[in-house]
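Which chain is which? They are A, B, C and D, in the order written, and residues in each are numbered from 1.
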């Protein structure tokens, strides 16, 4: 059987998810032996930019027309399109204030030149093309990437937890920051998979993996308000990585 | 008129290209184009609470995410007048070193080296030179282990917070790091061997101005607030609060980034600049290594930045070991981060990210929300210098062969280890 | 049952001797809360703790455990790592012992769970009596006292511990310590009774559980469930920290480039959206209200039909661990209140 | 080759591991209906192939290596042992993985689990089998059991409805029963756009008009999607069926099949232990049952 062809792409983002791929130090050589990486601009200067791909892994959000065009072109080439990272899955940090008027913001950063820039509000990949699989996280977890490839090679969709960070946090037997210290932890509505990384370190979760499908942000918001946080501050916090992470 | 274009620069972080215009033999224009989308993170963080600033601005760039995080924290702490504990200072420095090890190992071996040896990628190189790639992966992994242990994650650290750390590493974790670093010490020679074995890259000679953080102690990536600008025959000091004199406003229409010069001349930041400004550590083992690499400071060849990174890789391992020894000597404490009392005011911090000077400067209101944020990244500072060096390279290329020029330009761009996502964040208009 | 006494100053001696029977684990402090942990030194043990974040169930049914390893050509190889490790859990409260006795029944029966049973065999339990705090209602749940399920059980009676010897292993531990355990006399029996009475009086919570199953049936449509549904975050915390919640999920993964992989089971919760979701897309407990109702229903009513008593032991952990303050005792009280029924 | 499950059976701790899947070979894959294939399995251990017995209505836990484990009803009758027939609909991760397997590939099987139909109670009575869609899968075991032990039962009636003729499971086999006199086999489709169907057309409950049923001496085994339950139950109750003569087969999420994992509990019963066959009386006493 021939090896599946793979392309790894970055739209607008911090390249963190591609870096996570390169950070799979122990598995990297196994990985490149199992798949045929045809297009990976961040790691190679010899890329086939037109060929059909079995798997396209796309990081970053859509922030320019150029991004959108590139994404559509990737979609056309790919049998299976995988969104890598919270930017690609949810919009991520750049989508935090998606409702805001970009004109003045561009001018503030770039001056008069800003007006001419190709720039639009951050969108997740699924808002532009059909996405077959989401691997969330900011950045994604190494293990999730490896298990995704392992499952995809067998033809299966990988399994990721659907429950919130709290569940993992409790499994790790952490002291609850929200209850014991009144800190604004987003664990109850954020999808698990990071093994409660932040609360384990006594740092409240800021929701970098995006919301669980079944989130109840209204109730969390009410609790945080009771603890004395102001509403705007909490809403900001709940939607840091995903525009749909907080009630309006 | 002829034009040489490189549409999409490979093996760098982010999206950029190169355009050279020639009128006969005369180079009329050299452009390092950046077309990475603007995420407008500085305006986005406006009005946001101080505890969200570092995690948001860390996302400017993954490879320098620890540097962005720590610089951001330092700026906020400066604004609020917080002094962190000595243990925190040490741990932060260690985190920066971890990031530097990861970043340099990735860049030197996997992004830059393939150019010298004519491979399209490290993956292709691995087939013939597995040892070099395995060495790179080992070093990278060590750098990541340091970041995971201290920062809680290899990319976008979570453990570093305003006032300190969520949780200090345990004794066992430090001991594990030490044993990894001791192992890496034995790899140091191999790093230098490999670097020394690469064919010379000598196609761009230029007098270069360098800028780096002047370190109060031996050399530090994290401490200090003075920048030294070093040119042949002149030295200038810029204080942190006066950082804008490094970043004069220059709108560049072809790019989402803007260019910086100091007193009218472009300058280079990064490993080479750091060694030039802080040569005190280049003794013993490092001096020997430097000789083997035939590196003379101040250098007039931007490609020497790759050599400087290799030297820093060796130095980072040494320095990390020193830090761990000191932490073990002092006894690692499970301390909490400093209490935070927001107040209105401004704070600026300068550090050395793997690629060079990184500046974060904030103004806060009395609730601890950002009024304005300003981030100056190394690649943005380097942009003018990159163009200048590319111009020299074209001028110094005798046969004007397009393929040769194109290859050299790419090598120069990569030698700067540009981080294009970073560069999109530039000074605000004044 | 043998009942002996151990002078308090001999406890250290006992603790050091008992380590020959296995690795010693006990509650230790973690930022003001307690967790069962392997002791590096005996002085870390905190025997006067309120409750641990996770109950001892984590030792018998770990949060995540690999149960098989699949190898093509070989089939499913059971994973036995750690199953025969000998551990001594020192300082388990009565309610937690009771909870283990309940789990014993779930993991026994026609299909014995061999992983659980192996650990149950190899992990010794030394119980310790405690005084209730404001969240304890184990007495209401009849779990403030246990007569089996431990190897030894200590009652703190001031100057000495009364020790109930529950098993042959417990007796071996006593013997191994030499003659420091002494027989009890009549006065000391009175000490015990006094302490027992004091404990009874110390309870601040009281829940009536008789006819609770019937009340649950009658209040099946109470609007209380919708109220709770609006509040609940489905974070699963209550299930994780509950000493008798045993729901688990099973998943298979594969190794890179192979069909080999692990079959892992991990804790699950009936509060998760997909707990009762089936392949056809039907979800039998879709709305959050019906999931939270199920949790109470199953504990306080379903279990009674199955095993003759509620599975709740009144340890108070779930009320403590709920970020939005849903509290079992209040829920039961609400259901029992007369005006509630009238107002509907 | 020594299989892990044989080795494991001698392990002191895990000798009696109820979670141990036994490896079985796929001997035949029959593409009955799109995404509803019939898989025939045989245990690799001969002794197990000979000794495995189940009651109609019981299920097994089927492992597709690397993908997962799931409950599947046994569609074959215990009166025809040595192989297991499973009718599996492709819906998700594990079923998809199963569909990628070919004959001679191996899967894992453990069981049988569940209560099965109360055969001794039904014996001597009439039997009505009513199924819609995939509901035929568990009923088929009972159907062939009854036909193979014809003397144990009085009148046997089968009512089965599918959307279109091509959606009907076991179509050849069942249409062949239509002409038999020892069973009243009533088959219907909601619609027959192709015009090839020679049996009834119309909704499933309409078949009651063609059956002679004595509610007091009949046991009705019903299986299908929720709509089927709704309408059939209504008819049966109208006819005056005693509530404990109506037998339903339920689907729930299951991770263990043996009453541990908690997923399949309904109120205070475990579908995998006290079910999956429940009477209508159970149903009205258990919340959220249907």
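Basically, contacts are C-beta pairs under 8 Å (C-beta built on N, C-alpha and C of every residue); 3 or more make two chains touch, one makes a residue touch a chain.
Given the structure is predicted, the values throughout are model-derived calculations rather than measurements.
The chain pair with the larger count of C-beta pairs in contact, out of A-C and C-D, is C-D. One simple way to say how far apart two chains are is to compare their mean CA positions; for subunit C and subunit D this gives 38 Å.
If you average the CA atoms of subunit B and of subunit D, the two centres end up 65 Å from each other.
Between the CA-based centres of subunit B and subunit C the separation comes to 52 Å, rounded to the whole angstrom.
Looking at subunit A, one finds that residues 154, 156, 159, 202 touch two or more other chains. For subunit B, no residue reaches two or more other chains under the stated contact definition. Residues of subunit C found to touch two or more other chains are 251, 253-254, 259, 261, 274. Touching pairs of chains, sorted by label, consist of A-B, A-C, A-D, C-D. Interface residues of subunit B, counted against subunit A in their complex, comprise 8, 10-15, 35-44, 48-49, 52, 55-56, 59-63, 65, 102, 106, 110-111, 114, 120-124, 126, 133, 137-138, 140-141, 144, 152-156, 158-159, 161, 165-167, 249, 251-253, 256, 258, 336, 410, 421, 425-426, 428-429.
Of all residues in subunit C, only 67-68, 70-78, 80, 83-84, 106-107, 109-115, 118, 220, 246-254, 259-261, 263, 265, 268, 270, 274-282, 284-285, 290, 294, 297-298, 301-306 touch subunit D in the complex they form.
On subunit A, the positions that touch subunit D within their shared complex are 154-157, 159.
Residues 1-5, 7-8, 11, 13-23, 63, 65-70, 89, 91-92, 95, 106, 108, 225-226, 251-253, 255-256, 258-263, 265-269, 273, 287-288 of subunit D touch subunit C in their complex. Against subunit A, the residues of subunit C that register as touching in their complex are 30-33, 35, 53-54, 58, 63-64, 230-237, 240-241, 251, 253-259, 261, 266-267, 269, 272-274, 288, 320-321, 323-325.
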